[in-house]
Amino acid sequence: MNSAVLRKLLNEVRSRKVSADEAVSRLRHLPFEDLGYAKLDHHRALRQGMPEVIFGEGKSAAQVAQIFSRLAKCHENANILATRASDEQFQAVVAQTSKAQYRPLARAITLQRDRHRYGKGRILVISAGTSDIPVAEEAVATAELMGSDVQHLYDVGVAGIHRLLAHRAVLGKARVIIVCAGMEGALPSVVGGLVGVPVIAVPTSVGYGAAFEGLAALLGMLNSCASNVSVVNIDNGFGAGYVASLINRR
Amino acid sequence: MNSAVLRKLLNEVRSRKVSADEAVSRLRHLPFEDLGYAKLDHHRALRQGMPEVIFGEGKSAAQVAQIFSRLAKCHENANILATRASDEQFQAVVAQTSKAQYRPLARAITLQRDRHRYGKGRILVISAGTSDIPVAEEAVATAELMGSDVQHLYDVGVAGIHRLLAHRAVLGKARVIIVCAGMEGALPSVVGGLVGVPVIAVPTSVGYGAAFEGLAALLGMLNSCASNVSVVNIDNGFGAGYVASLINRR
Amino acid sequence: MNSAVLRKLLNEVRSRKVSADEAVSRLRHLPFEDLGYAKLDHHRALRQGMPEVIFGEGKSAAQVAQIFSRLAKCHENANILATRASDEQFQAVVAQTSKAQYRPLARAITLQRDRHRYGKGRILVISAGTSDIPVAEEAVATAELMGSDVQHLYDVGVAGIHRLLAHRAVLGKARVIIVCAGMEGALPSVVGGLVGVPVIAVPTSVGYGAAFEGLAALLGMLNSCASNVSVVNIDNGFGAGYVASLINRR
Amino acid sequence: MNSAVLRKLLNEVRSRKVSADEAVSRLRHLPFEDLGYAKLDHHRALRQGMPEVIFGEGKSAAQVAQIFSRLAKCHENANILATRASDEQFQAVVAQTSKAQYRPLARAITLQRDRHRYGKGRILVISAGTSDIPVAEEAVATAELMGSDVQHLYDVGVAGIHRLLAHRAVLGKARVIIVCAGMEGALPSVVGGLVGVPVIAVPTSVGYGAAFEGLAALLGMLNSCASNVSVVNIDNGFGAGYVASLINRR
Amino acid sequence: MNSAVLRKLLNEVRSRKVSADEAVSRLRHLPFEDLGYAKLDHHRALRQGMPEVIFGEGKSAAQVAQIFSRLAKCHENANILATRASDEQFQAVVAQTSKAQYRPLARAITLQRDRHRYGKGRILVISAGTSDIPVAEEAVATAELMGSDVQHLYDVGVAGIHRLLAHRAVLGKARVIIVCAGMEGALPSVVGGLVGVPVIAVPTSVGYGAAFEGLAALLGMLNSCASNVSVVNIDNGFGAGYVASLINRR
Amino acid sequence: MNSAVLRKLLNEVRSRKVSADEAVSRLRHLPFEDLGYAKLDHHRALRQGMPEVIFGEGKSAAQVAQIFSRLAKCHENANILATRASDEQFQAVVAQTSKAQYRPLARAITLQRDRHRYGKGRILVISAGTSDIPVAEEAVATAELMGSDVQHLYDVGVAGIHRLLAHRAVLGKARVIIVCAGMEGALPSVVGGLVGVPVIAVPTSVGYGAAFEGLAALLGMLNSCASNVSVVNIDNGFGAGYVASLINRR
Amino acid sequence: MNSAVLRKLLNEVRSRKVSADEAVSRLRHLPFEDLGYAKLDHHRALRQGMPEVIFGEGKSAAQVAQIFSRLAKCHENANILATRASDEQFQAVVAQTSKAQYRPLARAITLQRDRHRYGKGRILVISAGTSDIPVAEEAVATAELMGSDVQHLYDVGVAGIHRLLAHRAVLGKARVIIVCAGMEGALPSVVGGLVGVPVIAVPTSVGYGAAFEGLAALLGMLNSCASNVSVVNIDNGFGAGYVASLINRR
Amino acid sequence: MNSAVLRKLLNEVRSRKVSADEAVSRLRHLPFEDLGYAKLDHHRALRQGMPEVIFGEGKSAAQVAQIFSRLAKCHENANILATRASDEQFQAVVAQTSKAQYRPLARAITLQRDRHRYGKGRILVISAGTSDIPVAEEAVATAELMGSDVQHLYDVGVAGIHRLLAHRAVLGKARVIIVCAGMEGALPSVVGGLVGVPVIAVPTSVGYGAAFEGLAALLGMLNSCASNVSVVNIDNGFGAGYVASLINRR
């Protein structure tokens, strides 16, 4: 539509109905972004291996199902992801989109159609404790749907450092590492000191009392003495998987 | 004085000037604590290896010198300690108490006269970084003046975990361990997981930005996933040395 | 397995198939920690009087029962503890581990098989109010399972200081004291001033309004004017019992 | 002036130049408060024993001197008080108001002309430590200038509870008690439990680390388990002296 | 019992079986507080017009009923109060203590037997909005059971200041004023400026968003520019009523 | 009534029963505000296009219905608004006030009788995401009932800035703009930079983790680098609609 | 320059060297915003009555002088404003821009050349105390340079509400009101309740202790019970003057 | 040394003085990490393009100079970096290490000897305002010393979004983008939405009032609605440059 408007103007220039100066003036006020909209959006899908992601929390099962279905149709061969999704939401989704799958630990509904490997290296997802696994699994699911090779290493928190050290070889093979930890959030610093690749730290809301719903872990990670650590929001496994996948892109 | 009052009353009972019932009644209202005062105080000095400690911050050099001198005289053979003390305060102290010494790193003025070893094991004081050393040294000075055998291990923070692991044998020989760390405050958790003795964690105000003057380290330590960690106030090396010495008492 | 790998290498050295220099080089890259893993773990059990503890909160009854049972089998004569456990979780546990017991006030599931007294003195557990008793009881249960002699003194908060003073003799007999208090968290300071032994302060989430779920008590305890006080996380009765038992070890 | 306006209107009513209805209408819009201003102010001085108080902090010496002098003239026989005042400010004040005096500990400039005893009982001002004395002295100075009988009891903090208990008789004679404490701010609860009169708690900014400039003491006092405690702002000795004097009024 | 012990000792002194010196020594270690216990407690009831108050929140209906009944029996003619009590708890209480009454707005269970007027003036309880009334009513109930003459003035918040000003006469007749306000908590400052008596400010948790459960109101009240304001904990209507009654005592 | 009192006094002046001086004196103590009360209130309704608004949250359905009905009767032709209202509350309202309507997205009950257009320009209400729409709709409903011309623009958050830029023309036509955003709350700054009219920023509680229930958005908006932004409370769509309508008044 | 590029392209279309389709494609990638830059900027100056404002804090005197001079030349007849400016910065500015003036209370350097009255009503700037005047004066200076009619009313805080009420007529004549207050920040609510126009609340950092550098006032204002209040950043007098001027624009 | 010990043991195995089993046992207790220390360190230098970095803040000029010189000698061809360094520290450094250079904006001392290009793409460093440039320059200096191709784009904050949009082409060419912003910290979200590469957000302490020393920006960035944003500590330009360089490694 807007392309049509623009083309019409240019044809008027061409046919000399409109002067160049007049056209310059009109173009300055053109709502150009609308032109760019679809293109940008198209670019995003191409560039990132998947379209918009649905944040399930606070949406009804019917809403999630409808959005999921619409995205699945608009972006024919792309992968679709809904995070923070309940089993009830999944039941509604799968009724409309039969090939959708549910990963209960990750609380993620996925539709994987594009199995191209976009990343070049491996993403390692680490959890400090077993309670951090849901957040870690959300990162895993996200990264896998973005075409990454993902490996995980769970329950290797700092209070038993030998558990982590026993897997030093695994650490050494990753292109980027995601570390999910609650409580004191110390694991990213230790991991960061053992490797020479970027570490994405995810504070989790695991803990009680002075953990203050993940604040202690968040502050700990932001103050990491390891220089290769950056941080995402509390419990934001999705964001970590997303950033790691972008780092890992070819 | 109060003893005199009490003795007088009892003598009146004895000489039957006062009945037992009347004495019971009077005794109930006796300011008994004054009786206990000197005794308790005396007990404290005996029990803990040293008398009151002077907190130097916010006191004038003259004030510190006067209190130091008075304590040194009252408690003849005891050790005297002034913490958070400046060199200027030390100059004033040493002018009156010639045998006092200054430990600049620890910012402590000490007068060590009682060299008895009250502790039975060894206290290990660890610092995560070089900037945490002043706090660690305050702990060392305190513990030494309380008659403990103290060893230190500095700059073994979690971002280079091999530095700590290389000294695992040293860790294994301590009866109690003090760990001073700023920034993310992760070291006590790692140390706590390596040993089976109590760990006293001291958050330091080292760091910047979201370290919030030691708050990040404090919260991290309170949420330690190692069960053998307890925490004292930010930069409170004195408290850590004090508690560790009590743990280590025979 | 890793032992086997190591032994194989050493036998190759022995049979001169591999030179000493070559072996040095290979050993540097050995995933040595796996060797240490079981041993360390074994050490922990021996050293501390019990194996891993289960944190019940957020786990299903089935999960708690399975972990409890597995730990009970792996560590034949050791004591097993699950904290923050519900009655429902206990029902699941006792179905598999018939000798398990439930302490409802402490919300703890226990299996006490090792009744050896590891500690040498007595641990005194104090609560400020009746609402703090569950946290105090968690400390009691933990310390008892770790082989300590435990005594308690409840509802002796600072607003009625005579209640505490009446038990001064009891205070004087403890080797280490745990003080659980919510609201303003003032009791550890008062207790700390009356004794010459370590005091472990446990802030509780008891209170309302500006108690901010235990924050007021936590800050109060960290700022204690008594030098012998250290602090654990809000409501962390387990941690206090654990640290106190380590202090009290022979 | 405004009285004049009103009288003029009323005289016009009287002389029937203005109807009652018209006067009602006009009176509704009268800036009546200006009438009340002087009166109210006058009332305040009478009622409370002194006029406005000057908060010295952030004012120049010249400003303080000028305001002090003006107040001294307007309120002929009243007492004048400047709080948070420096010695430099006092020098400027005394140059203009020769009978002004300086209380350095309280950082207060006073001009005491009215020595009437407005209160009926005694106000007891307690400090937990020696560092809290400046705040306590501000309360003392304020209460004295408001015509109260004031007594003080310093350095009786909770870590040495016997020091407080030794003065139980003194506590029992007060009509209202002010308690100034920093660090954990526990003293008001203990005092509150010992007496049956109102306790005004003043948190001080004394302490370091997690004292957070008086926040720890403030929260502690707000959560006092003693029901007779109310709280004023951090370091607000003036407010405490003021409230206590009003409580103590005949 | 303890009296017996003491009397026995004194009789032995009297009969010269025990010397005065020996008795002084023994008395120092006497658990004297137990002697004082009942007496003190008795004093409290006499002094304050009522015995212990029950905090209902978090207690079962049966527990509240049992404690209520026991207190009612121990303190024969005294008033009994349970705060933060539900209707269910009241049903349990009234089954045992038939004369107990429930004030649903105040969420208070009361047993009023002593109708003596202990206070000399009048306590005025003000609420800023209608949502603050439950807290205000708790203050009213408390003050009434403590023998005060109480009047209330509700819904006179600062956004319609004329509502308050219309009752200036009422304000002027109070000996002490309690002001309950949520949201910005501004009302105590305005009231404080209009009167010359103590104002007890009670922040309420009324509000949303940046009210942060009463924190905004609490901070506002602590920073009141009116000098006659002191503050109690968020929603602590009981504390305010208690303090006000003590202020108002004859 | 009060008018009557006043008129009576003035008539007494007129008939010379009372002197002017005596009348001045009496008038100073008149509870004048009561005179003004009804008038002021009347003014408010006239001035602002609607009477008091009902905050539904925490009120019973019956309470909301009763207040709604009473307001509808008192203010005959005015619009009535209840915010934060549930469907259940609406059912109770509509049973009494049959013309009331419910706007579920806005959670608002409205009775629109006055359809006069009080504003002169247009209010544009923008939401960053779809989750912010309920807050935005509350602003829309409020502004409409206050007689404003309102347009909205939803889901134009900063992560897809082209969506906003595409509507630059719409932005340019508004007299005042309301921007509702959660999470990082960045949209008001961007909008503010694009226009030369006042922007009212409404932080929403949308987000998780370090969003801290709207605190992150609130702080972001307060620190806006655009100079034309002012802020209301978290989720306060009503306040934003109210302020915007006042700005937009003729 | 970019215009030149665009004109060249259009001339190529006109001369049929480039097809319309090709031109559409190229235009999509044109850095169009550069075209718009100067224009937008020009618009801003026209629209808002003044160009960019200089934030003086943290800039050297030389930097402020240079920027001021450059702006004064670029925007020939416009007013120039530097906020948070020191006298030293002013000396540097006036050396280059001789007609610049300094308003010390407002800490503002101004160059007023455009004296057109852009606003239609009056802006009233109120301060609660005398310490809030610098912030208020910054608002005054800003609004005056933006062509507003400004009046002020200082030292009318809520603790002496009659001072404010005495000026009710002045309040009633303003089109928009700015209220600057520190401490409890209650004044905007009271003012907001007295008027029917928008109130811009400016929290100031005036206060001590629990004022927390303006946080108490900020929270208070955000929770105002008056619906016509919106808030800007702490001490942001400039922002308030700016927003008020935009509201007041014809 | 440790190598020697190990070699000795292996030679004993070889000469059959020690059995393989005995050697396995001994090796388990070997302080192996010391072996690994130098090697690991060496690895770090190789792997990351530079050795340890010096944090200048809080160190004396002499200390910085000495450490700088030692690092320069140990790591012959590597680049050396000191951050948060003053001009005075630089003078001390350059006296010992003559080729060192000072970048005053970045407050960085650099010694660039290795000019190899380790990265494969380009790092773009963006600042929102001119006050954020020092932090941005620290990121630039760090990334350049780690062998990255770095470009910057300053003063393109969200309040003038056209400034950023004008450089969309530049954004599109970066492999990773660093965004430094204070105040509301909104820029990373906008940038994140425009690109498909990782964005490292650096909150700066620029701002005042409710910026709370960078907290507002930090929270804003953590809650970014753009999925490709991760965050480092406040003012941590070094960390951002470090992480970006690792992402950009070949």
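Odds and ends about this structure:
Lettered A, B, C, D, E, F, G and H in written order, each chain numbered from 1.
As a convention for this text, a residue touches a chain if its C-beta (ideal position, glycine included) is under 8 Å from a C-beta of that chain, and two chains touch if they have at least 3 such contacts.
These numbers were taken from a predicted model, which means no experiment stands behind them.
Taking the definition of touch as given, a chain qualifies here only if it contacts chain C and chain H alike; those chains are A, B.
When the C-beta pairs in contact are tallied for B-D and for F-H, the bigger tally goes to F-H. Two copies of one chain, chain B and chain E, form a contact in which over half of the residue numbers belong to both partners. Same interface as C-H, judged by over half of the contact pairs sharing residue numbers, among the pairs B-E, F-H or B-D: B-E.
Centroid distances built from C-alpha atoms place H farthest away from chain E. Per-chain Cα centroids separate chain D from chain E by 25 Å. With each centre defined as the average position of its C-alpha atoms, the distance from chain G to chain H rounds to 39 Å. Distance from the chain E centre to the chain G centre is 50 Å, each centre being the mean of its Cα atoms.
Chain contacts: chain D has residues 36, 165, 209-211, 215, 218, 222-223, 227, 233-234 touching two or more partner chains. Contacting chain pairs (ordered by label): A-B, A-C, A-F, A-G, A-H, B-C, B-D, B-E, B-H, C-D, C-E, C-H, D-E, D-F, D-G, E-F, E-G, F-G, F-H, G-H. On chain H, the positions that touch chain B within their shared complex are 31, 33-34, 36-37, 40, 57-58, 203, 205, 213-215, 218, 233-236. Touching chain A in their complex are the following residues of chain G: 3, 6-7, 10-11, 13-14, 16, 20-21, 23-24, 27-28, 32, 35-36, 39.
Contact residues of chain B toward chain C in the complex are 43-44, 47-48, 53, 176, 196-198, 200, 218, 222-223, 227-234, 238-240, 242-243, 246-247. For chain F in complex with chain H, the residues that touch the partner chain are 128-129, 157-161, 165, 183-186, 189-190, 192-194, 207, 209-212, 215-217, 219-227. On chain B, the positions that touch chain H within their shared complex are 131, 162-163, 165-169, 208-211.
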